[in-house]
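Below are structures written as C-alpha cells.
Two complexes follow with subunit A in common, the first pairing it with subunit B and the second with subunit C.
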Partner chain A sequence: MKIAKRILLVVAIFAIGIYCGKLFFGRGSDIPAPVPTYFSQSAQPGDSVGIGAGTVTGKIIDVKNGSSIQEAVGKASPGDLIRIYPGVYHETVYIDKDNISLQGVIVNGEWPTLDGEKKQNDAILYSGNGVLVENLKITNYKGNGIMGQAGNNYVIRNNWIVDTGVYGIFPQFGKNGVVERNILSGIEDAAIYIGMCDNVDVRFNEVYGNVAGIEIENSRHALVEYNYAHDNTGGILAFLTPGLPIKTCYDVIIRNNYVYNNNTKNFGAVGSTVSHIPKGTGMLIMAADDITIENNIVTGNDNAGITITDYGYAGVDHASDPESEPNSDRITLLDNFMSNNGADPVADVKAIMMTKLSKLGPDIIAVGGGQGSCVVNPGRYRTFGLDAYANCQARDTRSVKTYLLDKPVAPRVTATIEKGKMTYYGVCSGCHAYSTRLVGPPVNTIQALYKNNAQGIVDFIANPVHKRDDYPEMPPQNYLTEETRKAVAEYMLSLTK
Partner chain B sequence: MRALFFLAVIGAAAAVAVALRSTPAANSITLCNTCPPGFELTDNNLCKLRSLYQLYESGQGNEPGVGGLKTALPNVRDGFTPQQIDLGRYLFFDPVLSNDGTVSCATCHQPDKGFSDGLKTSVGLHNTTLKRAAPSLWNVAFYKKFFWDARATSLEEQMTGPLYSPDEMGTTREQLLKTLNAIESYRDLFQQAFPSRTSGAIALDEIYTAITAFESSLISLNSRYDQYAHGYHEALRKEEIEGLNIFRSFVARCAECHTPPLFTNQQVAVIGLASPEGAAFDAGAQETFHDASLRGAFKVPSLRNIDRTAPYTHAGRFNSLREMIAFYSAGRGHEVPPTEKLHIHWHIWEPKLTDYEMDRLVDFVKTLTDESFMPRAPESLPSGIAIDKNKNQKTLSSLSPNTP
Partner chain C sequence: MAGRFWFSHFVLALVFWGCSSKESKKDNPQQDVAQLPVGDPQVGKTLYATCITCHGDAAQGNEKLKAPALANTDNWYLYRQLMNFRNGIRGYQPADTSGYQMAAMAKTLKDSLAVSHVVAYIKTLPQVELPSIVKGDLKKGERTYQSICGSCHGPGARGNEKMNAPRLNGLEDWYLKSQIAKFRNALRGAHPADKFGAQMVPMVTLLADEQAVNDVIAYIRSTTQPAKE
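Up next is the complex of A and B:
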C-alpha cells in the first residue's frame, strides 16, 4: 500500500511536471517539453560515468543557426562537445567517430530543432561508441529521429521528438546505454525502440500518440522504469522477433511505469509487426522470456492491460524461424495496480470473454504456449489464461538498481602489436609475401632496406614514390593512421617467415 | 586522382593474381608452402585469417557480424594448411571432377565475375539450364548456411550438391574417387596435402576438405568502404557517403538485412520476387525447413563485390543494381502472384526512394568492391585437361598484368 501511494505521488509529480513543461516551454504548441532534469531521481552530476558518454575531454564546437551540424561533426575529434544553438537545421547528421557529444542549448525556451521537412530520412545516425545526444527537438523525418548501429555506451536524453517517421529513438546492436527523459509523439512504429541491445535503462520518458510507446526487441538486460506511456496503440512492448540475427529477448524488468489509455487507432505501416497490435494494448509480451512486471499502474487500456503471447496472436504473420523459440516463458507478474482495462476488446478477446461469462476484457491475458511463469495475488485482477501460473517466489526487483555496466564497454581497438599484425595480413599481404615476390618486393628485401627504420616505412607508404623499374608503383596507404602505419612497419620489420 | 588510385589497386590485384603462386608442369607439382594473402602461417603449418576487423573483437560490446562500422566478424572457417588450400585450388579449376570432364567449380564460380557466372541462372552439364543463379564465393569462410535455400550447413556438405547433381557436374562418389585415384599427379598432391594419412588412396573427405580450404581463402574485406569503416573518412566521396546513409537509414533499411561487415545477416527472408517468365514459383527455403511460412524465402546474399555479380537475385531477375534497388522501392508485395500467399519480411515496405537516392545507393554498394586477394587460376591442371577447355580460366589469365 505504501508502495502504491508512492507511485501515485510520483505520477502526480510527473503530471505536474508535464503541465509545467507545457506551461514553460510549449507556448504556441501543444507538445510539452522534456521533463526538467530535477525530476529524475538519479540526475546526479556524473550519473553517466558508468557509460562514459558525455565525458568531455576535448574542445567545444559551437553550431549556430545557419551553419551545419554535420560540418561540426566532421571537425570533431573523440572527446569533443558540439553545442547546438537555437535555430532550425535541415540535415542528416551521422557520427562515425567515438566519444562525440551533441548537446542542444535551449535559450529562453527556444530549442535547436532538426527538421527533416518530410524529405530527409534520419536526423541522427551514429556508429561510434560513447555518443551522447541531448536537448534537441527533432521533427518531420521519414525514418528515425536518432538511430545507432553498434554504438556502445550511449546516452540519449532530454530530447523532444515529434513525428520522425518509423522510429523516434532507436539504438540498435548497442551495449550499455541509457535513454531517459525524452518525450516522443506521432511515431508510426515504436517511439523508443531498443533493438538487439544489451544492458540498457529506459527511464523517465513520456511516449504518447505513437503506435508503440516503448519496445524492447531481441534485447537482453533491459530496465524500463518510471515511464509514462499513454494514448499509444500499445504502451510498452517486449518482443522476440524471428528472422533477426539475435535470437533471444530476456531479462527485462518493466516497473514503476504509468501505462494509461493506450487506445489510439493503429496507424502502423502495412506489414510492420506493430500494425497488428490491437488498440487498447497496455503492455504486450511476445515470445520474450524472463520478463518481470512490477509496480506499474496500468489503467484504461481498452483491449487488455497486459497481454502475454506467442507468435500466434493478433495476426502477426512473420515467417517462422527455427532458431527463435516462440513462447513467452518465465514471466513474473508482481504487484501492479490495474483498473478499468478491457472496456472494448478485439474479437479474439471477446470470444474468450464469452467462455468466461465476463462482460469486460481482461487486465491480464495470457495466450499460447509458455512455461515457468508466475503471478502474485492474481485475485486482484480480471485474468484470462493464467491458470497455469504459479505463485511467485520473487516479491520485488529491489536488488536491481540499473542494468548499466559498472564501467564502459572497452574501446574496440586496443593492442598495437595486434594492429600491426592485422594490418600486415589484412592489407599488405595482398602484395607482399615474406620471401617471394608477389606484386611488391618481398618483406625480407624491405627489412634489409629499412633495418631499424620503421619511421622510414611509415613515411614511404603514406606517400610512395616509384623507386624501382621492375616493380609497379605502390598505391598510397594514407588511409591508415600514422599510428597504424607505425604498428605495421614495426611488425613487418619483426617478421621471420 | 581517385581514378588513378583505383586503377593502381586494380592493377595490383591483377598482378597478385599472376604472381601469387607459380605453377610448375602438371606432373611435378609442389604445393605451395605459404598461405594466401590475408592469412598468417602458424608454427603448426596452419593458415589463420588476420583482418583489421578482428581488432574489434577486443571491445566485447556487440555480437559479431550484426551491423555497425567497427564491428567484429562472425566466426571464420580457417586453419587449413597452405598445401590443402593449394590442392583445393587445383581441384576447384579442374573439370575432371565432372562426369564428362567439361564442368569445373569455376565454370559457375568464375573469379573475374565475382565467383559467379554472369548468367541469370547457371548452366550445368550438357548445357542444362539450372533453376537458380550461382552465388558469389567471396567470404564464404564466414557463412553458416549455403545455397539460396539454406539447405547446407557446411561447405563440405554444399559441394556434394553440384558435384553429384546430374544437371550440374553429374559425377558420383564412385566415379570421382576412381577418376582422381587414377591420376598419379593427384595421388602425389593429396599425399602432400594430407601427409599423416594412413591409406595411399584419395578419400572423399580429403577432396571436400581441400576444396573447402581453397574456398575459405577467398577473402574480400579491403574495399574503400572498409577504409571508411576503419576510420579513414576520405575514402568515400560525398555521394558515396550519402549512399551509405541512405543504405543504413530506416527508410531504405538495406543495412537491416545486409548487415556490415559481411553485408549479410545470414538469415533467410521472403522479399516477394516473382518468378522469371514461364518458370514455376520457386518455394525456396520452404522445402528446406518444411515450413509453409518460409515459402519464397531465400538467403540474404552478401553485397561484397556485388558490382561483379550481375544479374541479381536467385533467378537473375535484374540486370543492374539500379533495377534491383528499384524493386525494393516499388512497394511491398508488388510482384507477388495472386495465387501466392507469402509471409513477406517486415522490412519490405514502400520506401518511395527518389531517383537521386537510388543512384546514391548504387554509388555506395559499388564501394564494396575489393579483389586484392584474388587467387590465380592454375596454368595447367593435374588431370592434364587443357586449361583452355574452361573458358572461364582463359578469361582470368587474360587479366595478364604488367609482368614480363
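Up next is the complex of A and C:
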C-alpha cells in the first residue's frame, strides 16, 4: 500500500512537471522560427527592383498539407503564385515554367517543410526564369536544397535550410538574382553557392555549421553584404575553379559581413574541391580578380582572417586548365575590423609565421602571384605577404547599391542546337568540372569511360548507379527528356576544356 | 504422355540454350572474362609452379625479371588480365617485351577454369609488403590522384570493382610506371576488344610529364595497404 502511494506520488509529480513545462515553454510547434540574429533590417524600398520575380499577375494556388506542390506547379501558368501551407512535403519540385512564385505560409511559427528523408536528392529545381522561392523549410535532402539551372531573374528569400547534402542554395548559371535572408546549416559543400552567375546580391543570410558558408565561384558582379557567417570551415569564399566553362571570377564586393569563429572541422567529401579548405578560414580569395573587401567584422578564425592565394599555393593543378588565370589580381582591402584570428594555423601558414617571428597567425595573408592589389591602413592588422600592396585610391564602395540590373534580363537561348550546351552549363557543371574533381568525377574521366558511347551517358544519368564509395550519389536526371540527355551527352563528349 | 512430351522438349531446349550460350561466349572474349569460375586452390598450386620462376613463390614479384607482385591484386582483376593475355588482347605485340612473354605463359593454362584455379591459389597467399623506390611530391601526387585517377581507382588507390578499376596500392612503383608508359605508347589498351584498357589510354595522357607520374606513383605507394576482406 505504501509502495503504491509512493508510485502514485511520483507519477503525479511527473505529470505536474510536464504540465508546467508545457505551460512555460509552450508546445513544440510554438517554438518561434529562427530569424537572422545579427542583422534585422527590414527590406529597403527598391529591393528586388528589376528582377521581375514575385510579381504576381495570375491566380493563387493553395497547397495544403497532404497534397503535392509539384501538382500545383503543373497546374500553374506564368504569373501565378503558389502558396504552401504548413505541413510536411516529401517531394522534389521541378519548375520549368517562367514567372512562378513559390511562397511558404508560416502560421504561428509552423513552417511548410520539404523533407527529403535522406532518400530524395533535391527539394527544388528550377530552370524557369523569374522564379521566386521563399519561406520554406527544407531538410534531409542528399543533393541540393534549392538549385537553379540556368534560370535568370530569381529571388530566393527567407528559407530555412538544414542538412540538404552538397549545396543549400545554388542558382547555377543564373543572371540577375538575389539570395537574401536565408538561414542555412549542416551543408557538406557550400551552403550558398553562387556558381557561374552574373549580377547577384547575396545579403542578410546566416550560414553556420557548413563546410563553406558563402561561395562566389566563377561569377561576375556579385555583392555579398550583411551576412552572418559563423562556425563553418570557411566563412565567405570567392574563387575561380579551373575546368568550368566560365573561366573568370571578378568584380565581387564583400562588405558589412560578420565572419566569426569559422573553425568547424572540414567534413566535405575527401578529395572534393572544398575538402582542401583549412578549418579556421574566415575569408578565402583564390584566383579571383577585382575583389573589394570592406567594413567586415572578421574575428576568431583560427587559421587566418582573410586568405588571398593563387593556384600554386592552394595546390590546385593549374596545368589542367591553362585558360583559368591562376592569380588573385587587384584585390582591394578597405577598412575592416579584425581581431583574434590565426590562433591555430595550418602548417604552411605556420612556416610563414616562423620567418616573421610571429607567435600568432595572420588577420590577412596573401601568398602567390597577383598584381595591382591595395590595402588601407594595413598597420591595423597582423598581415603576411602584403608588402607589395599599394595604398588604395578607393576609400569605400558607397556608389554601389546593388548589382541587380534595372530590368529583367531575357531568358537564355534554349534552341535545340544550344540545348546540350545549356544543360551542361546549367546542370552538369554544378558538380563536374572538365579536369578537376569538383563534386563528381571530372569530365575528361567520363570521356575516357564513355568514348563513342553517348547513349551510355544518356542511360546512366537517367538512372545512375552508385559506384564510388568516396563520392556522393549521382542524382537521377530523368526529368530531362531523352532528347535533352542525348544533346548534353554529345556535348560533354565533345568538350576539350 | 503429354507431360513426358513437354519434358523432352524442355531438355532439348536446355541443350540448345547451353550450346548457343557457349557459342556466344567464344565470339566475345570480354564476356567470358566477365564471369569468374570457382577455382580450386589445390589444383592452382600445382599450376602456379610454372609462375614461380618469375613471380616468386610468395607471388611477391621480381623487378629484375619485370614480373610484378600478384599477392596484393584482387582476384577478379587477376582473372581478367590472365584471360586477356590468353585471348591475345594484352601482350600480343612483340614490342611489348614483358607482356609478350606473359602472353606466352598465360597460354600454357588450358582454359578459363585453369586460370581460375591459379587465381584461387594466389588468393591464399598472404599480402606482401613492397619497397618504394620512386620519389615524388606526395602532396602534389595526391591532388593529381584525386583529379585524374581517384574517381575510378577509388580512395587510397584501393581499386573499385564496380568501375572495373584495379587496386594500385599493392603494386610496385616500377611496375605502375612501366604500365603507364605502355598505355602511352599503344602497347596496352590498344586492342579493340580491350574495352577497359582503352579507358586508360586517354587518362594517362593527362599526366603532364615524368614528374607528375613520379608524384602520383609516390602518393599511391604512400597509401596504406588495407587487408583484403
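In this section, the second predicted complex is superposed on the first by the 358 of 497 C-alpha atoms of A that agree within 3 Å, B and C clash if a C-alpha of one lies under 4 Å from a C-alpha of the other, contacts with A are read in each partner's own complex, and residues count from 1 in each chain.
Going forward, contacts are C-beta pairs under 8 Å (C-beta built on N, C-alpha and C of every residue); 3 or more make two chains touch, one makes a residue touch a chain.
Predicted, not measured: the structure shown is a model, and the values here were computed from it.
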- [ ] Determine, under the contact definition given at the top, whether A:174 touches first (subunit B), second (subunit C), both, or neither.
- [x] first
Task: Which of subunit B and subunit C A:437 touches, first, second, both or neither - done: both
Task: Touching partner for A:196 - first (subunit B), second (subunit C), both, neither - done: first
- [ ] For A:472, decide between first (touching subunit B), second (touching subunit C), both and neither.
- [x] first
TODO: Scan A:410 for contacts with subunit B and subunit C and give back first, second, both or neither.
DONE: first
- [ ] Name the chain, either subunit B or subunit C, that contacts more residues of subunit A.
- [x] B
TODO: Please work out whether A:270 is in contact with subunit B alone, subunit C alone, both, or neither, and reply first, second, both or neither.
DONE: both
TODO: Go through the superposed model and pick first if A:456 touches only subunit B, second if only subunit C, both, or neither.
DONE: neither
- [ ] Considering only touches as defined above, state whether A:58 meets subunit B (first), subunit C (second), both or neither.
- [x] neither
Open item on the list: Under the stated touch criterion, which partner chain does A:319 make contact with: subunit B (first), subunit C (second), both, or neither?
Closed with: both
- [ ] Could you list which residues of subunit A make contact with subunit B in one structure and with subunit C in the other?
- [x] 270-271, 317, 319-320, 436-437
- [ ] Using the touch definition up top, name the residues of subunit B that touch subunit A in the complex.
- [x] 5, 8-9, 11-13, 15-16, 19-20, 34, 37-41, 49-56, 58-63, 65-71, 221-222, 227-235, 241, 245-246, 248-252, 255, 259, 265-270, 289, 291, 293-294, 297, 332-333, 343-346, 348-349, 372-373, 402
Task: Partner subunit A, residues of subunit C touching it in the complex - done: 139-140, 143-144, 146-148, 150-152, 154-155, 160, 162-163, 198-203, 206, 208
Open item on the list: Quick check: in the complex, which residue numbers of subunit A touch subunit B?
Closed with: 74, 92, 94, 96-97, 121-122, 125, 127, 129, 142-144, 147, 149-152, 165-167, 170, 172-176, 196, 241, 243-246, 269-273, 317-322, 409-415, 418-419, 421-427, 429-431, 433-434, 436-439, 472-473, 475-476, 478-481, 497
Open item on the list: With touch defined as at the start, can you tell me which subunit A residues reach subunit C in the complex?
Closed with: 270-271, 315-317, 319-320, 435-437, 440-442, 444-445, 447-449, 451, 465, 467-471
